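What follows is chain A paired twice: with chain B in the first complex and chain C in the second.
Our next item is the complex of A and B:
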């Protein structure tokens, strides 16, 4: 499983231009990585990973509005994997100035990402709709709340959604 | 900030009775309790007054801060502010009779809170109706009536503070009315006034102090329903058995209660029943409240307009200081309501006028609460958080509580913050991963 693409993001790009490599970046910056397994069709435990992330961020005293945006995104992403995907994984990586959420599932993939991004478009099965999910707002909500979003999909194989949030320089940087 | 065996604002702690059984440890929603030297101690600042520890303690070592004063009405003017839950404690008698019995006990005035509850319900309905067009506050709106819910949100869900309905709580409306209309008369006569809050829960924090330095003649005292019940019961019996009601003079319209459904608002769902908003929910119970707040924070329940949260089961009827069991009390209320029907006591047009004048608007911003609660929680840096994750991974995650913390994660936090030693973990000691406890 591939990690977050470091080269896409400005702080790293700058470091690399300075001649630093990936490893040196990681040594200088404290970072916290966590991952959670997501089980397909497990509506009972769906959302637990998001609550865990929420509580973690609260203990770090991030801005409540930001925590809420992150919570919405992680929940929507988690639900996507539960409803559509096969089993999946949720990676969260917190650094001093940004947070990345990566959700990878082994589901059927998205045929047309442009179409899936439209509010109200849904391919959720009847079973999920009966429970009140699958209103077609998942990806639009994620796009609305994340600072940066990247969705990759290989139809028939897997989908990877990577969201970035800029934390602003919080007081833990010493 | 170290935990100390100290009373919180809401809960009193009897160290001599504590057996160190750790029952209270895990029920605390804000993780404010630790066990040190086989006795429970608490982070007093983190207590939100939910009374979960009070309910669960088998040794009765946790009590409420309320008490029964000995000298009601002696050399001062006693005003009883009555929670409607009190009416549900006495079957076969109308709410007005209970208020009369209170006056027989020596209270000079009895203020019926259900009167202000109706006011609040009107203002809430009006705000919600207008919010559909103005979009002043985000959906779903959260009821401010339960103070524990408000504190829980300020403490654990600060992003939900804008969801709290910006209407004055019934208790605040009641206090204001009493302060504006009842107290000034006595103050001008240089008489002391004491407000007695008769409550089913230990959420009224003041106990006998003067609140306002300019009002040195006015004190507030919180009384639990269980404190006053033994003294009130014979008076209620007397009122019931007397053929003609004793003459009792009341001056203000909120001093007596003519309707039978006054306690209906204390039932779960009683608040939204009168608000007449189609998309509303009533959630009661501490765990359920936390679950639903989590859901709202994750962006769910946006199609609901109003949620009535109560952290006690069966809402205020299940308050920790109520005497009659919540299900029996609920049956009393339901019986009264089906027999006599629901009534309105307040003229709607007068309420609308007051609403337009902004009389129901909340006067202080919820940010005050948020600042208070965020100041008492330690901030974890990213490096701390990383260390906590590592520790939790190594601690075995059995959440046994033998270290005195409610779970491995909280213990790890305590260790990182320097409030606990790693060798207090029994699991690590047994496996020889740390040197055992010393001393």
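Our next item is the complex of A and C:
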């Protein structure tokens, strides 16, 4: 799956292509935004956007532990949208000091966000459980790995999960 | 322990990743629940599972797993192996059960995900 570049600063793109160092990338980088379409119940392609993001971050030579946290949050969010959400989009916005992941799906929304954040609570269908998901650990895992998380939902309409990662910050994940 | 030694211990068949058998493994995890794999410190580890879907490969890649062993002689569909090739994820198939695979590797000194034995 290829994401769509909304804005890609030309010198930044050239430095990535040349295998430029992180310092060089940061000096030139204004911001990089990509978005990916997420198709509901498409388990064959589910996760491709997150792997694309993971590979992109590796090419930027970010801290491997930070890349893992971002990739896990992206993947959990992407799988949530595939399993629960109807079609959706995944936005990633990379700035010099922080990265933001935003996942917006077209419903049916979360009835009780507090309850959904509790480990073990799940409304996932059997189809998702057969894929090894639906154990009620997605949202808690996203909260654990992100530096900041905001989840908004209108029951019957949509859900928006926004996660922020500070690129210079080290977070211990238990 | 080298991946090649792990494969010998498990009498495993290589499905993908013949070029990565020199990789080193110190910790292992066993799960059919991908949510668990994502929630635990699985980076740099070997994953043993009976789940052969494409999401096993993607979860392993996202979580930083070094290689995947399918237990009980299970083999994923060719398109799943194709995805693993594209992602550089070695896949193996062992005829032993999950329990026996874990026991054999534990007896050879490998630790769990948290480093404990």
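Definition applied: the second predicted complex is superposed on the first by the 139 of 174 C-alpha atoms of A that agree within 3 Å, B and C clash if a C-alpha of one lies under 4 Å from a C-alpha of the other, contacts with A are read in each partner's own complex, and residues count from 1 in each chain.
The criterion applied here is as follows: a contact is a pair of C-beta atoms (placed from the backbone, for glycine too) under 8 Å apart; a residue touches a chain by one contact, two chains touch by 3 or more.
Since we're looking at a predicted model, the values are computed, not measured.
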Label the relationship between chain B and chain C on chain A in the superposed model as either fit or clash. clash
According to the stated criteria, A:71 is in contact with first (chain B), second (chain C), both, or neither; which is it? both
Is A:117 in contact with chain B, with chain C, with both, or with neither (first, second, both, neither)? neither
Would you check which partner chain A:94 touches, where first means chain B only, second means chain C only, and both and neither mean what they say? first
Should A:47 be classified as contacting the first partner (chain B), the second (chain C), both, or neither? both
Mind working out whether A:138 is in touch with chain B, chain C, both or neither, as first, second, both or neither? second
Touch check for A:151: first (chain B), second (chain C), both, or neither? neither
Tell me which partner A:56 touches in the superposition: chain B (first), chain C (second), both or neither. first
Taking the superposition on A as described, I'd like to know which of chain B and chain C A:34 touches: first, second, both or neither. first
Clashing chain B stretch [against chain C; choices 77-85, 221-229, 275-283 or 419-427]: 275-283
Which chain A residues lie in the overlap of the chain B contact set and the chain C contact set? 47, 50-51, 54, 64, 68, 71-72, 74-76, 141
Where on chain C does chain A make contact in their complex? 32-39, 41, 43, 51, 53-56, 58-59, 61-64, 87
Spell out the residues on chain A that touch chain C in their complex, using ranges where they run on. 43-44, 46-48, 50-51, 54, 64, 68, 71-72, 74-76, 79, 130-138, 140-141, 144, 173
In the complex of these two chains, what residues of chain B are touching chain A? 156-159, 161, 294-295, 297-300, 374, 377, 379-386, 389, 413
Chain A - residues contacting chain B, complex: 30-32, 34, 47, 50-51, 54, 56, 58-61, 64-65, 67-68, 71-72, 74-76, 94-96, 141, 171-172, 174
